[in-house]
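One structure coming up, written as structure tokens, with questions to follow.
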């Protein structure tokens, strides 16, 4: 299990009061929990600023599955990079439109370039790259 | 089928040359395709700036499933809002960490508030809200 | 003077080690300083999510001052809202292009709508809205 | 003067109707103007993804000028890089707080690293880096 370490933080009184009001509104149980979240968020950003980190990401795609060749193209692109793809979820939005989420893991730079290929595919109506983390040491 | 309409756009010569170089590098087949993507992206942003739009979103969560009560808490939160949740995908990153994607649809404001609840849950190491679209009229 | 308050924060050992490495790389003097910055950043974001906060912002505009009517249009737009505008700085980038920064203060919603007007003005080549803060209680 | 070139763009009818409604709401005079803005915005983003581009940026800082050594530190940091700094504007927010905007030009990577130094300075309450453009060929 993770050993926890306790240390002191010093904050101007007014800043602390404002922070307490803000985290109460956001539903945090206590200051430590809120500060842990801020720290983790900043570490995930640092992770992604180093293009060689081993990390995880999601790609969210909305497209019309009737468009000739698109489904095949997306499937092929994913199989080409099967070693980086954890899994894919596909759901139907209406008769024409579907939403697909592809989970990726690997070196930041590689993951980003696979995502770019999926997002820029012809007939993808909206594509979004979501950098996240493998969760190690967080 | 969607009927296509053709219209004229006027661009300064230098701007057009620079645009052509840029979209070639990005792998677009032609100007129309690249301009359609820019237009769609701006419409999805407008969609989300109106809190009453009917739209879609994804939430990406990384967490340690050993943390007491977290899995249960996330499942309960999702069931409470089952009418807004399309589907959920869960994958294992290592012995402790997992990644979960929740697809949501509904009124922008409602979708955002469900997402907030999931992201701020205790022991979620990293949570990201991803506004996207139902793809209608895009 | 601001009174400072000291309190304890508890962090998993691995997370703390990673945080220490990260803030050393970023040049922070110590943990308190880095945590204060994370807290302030999150409070400024909360400030802007409440459209009624009293706050500050900057608008950065790049444009060709030769374009007929643009300079006049921007000046008029600023004078119309003179009670919200702190000051404006203008600099020359080359024979044609100039960069202008407008500092604004007031209710978040009002400030944002003035900024929108400036950014969307015809012939503005690039416009960026920068939400910041009056710095009170930070 | 810039020569303008006219070319045809093809859009699905529903997408075009939605685009027309959206740009009318945003106050654009016509489609060409709105499309030019989308194109310019995407080119500025491409500009910044190449760390060797010659470009421009702003840094917005909010700080308490009473903090010992801060004003001096910021002034020194700016003078050290005077060849990259176009100009600086300083305004008073209240008795303690001031807002400062620094305009920079130069190689993207260099400009970003100077900005980082200013933003991370101790006692800066809020700092924001704003990548923009020299406006050439836009």
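A, B, C and D are the chain letters, set down in written order, and residue numbers restart from 1 in every chain.
Basically, a residue touches a chain if its C-beta (ideal position, glycine included) is under 8 Å from a C-beta of that chain, and two chains touch if they have at least 3 such contacts.
Here the structure is a predicted model, which means the values were calculated and not measured.
For the pair subunit A and subunit B, the distance between C-alpha centroids works out to 11 Å. Centre to centre, using the average C-alpha position, subunit A and subunit C are separated by 26 Å. Contact of a single residue of subunit B with at least two other chains is seen at positions 40, 138.
In terms of inter-chain touching, the protein chains here make up one closed cycle, each touching precisely two others. Pairs of chains that satisfy the touch definition comprise A-B, A-C, B-D, C-D.
The touching residues of subunit D, when paired with subunit C in their complex, are 26-29, 33, 37, 40-41, 44, 56, 58, 60, 62-64, 86-87, 89, 91, 93-94, 96-97, 99, 101, 103, 105, 120, 122, 125-126, 128, 130, 132-136, 138. Against subunit D, the residues of subunit B that register as touching in their complex are 2-19, 22, 25, 31-32, 35-36, 38-40, 42-43, 46, 137-138.
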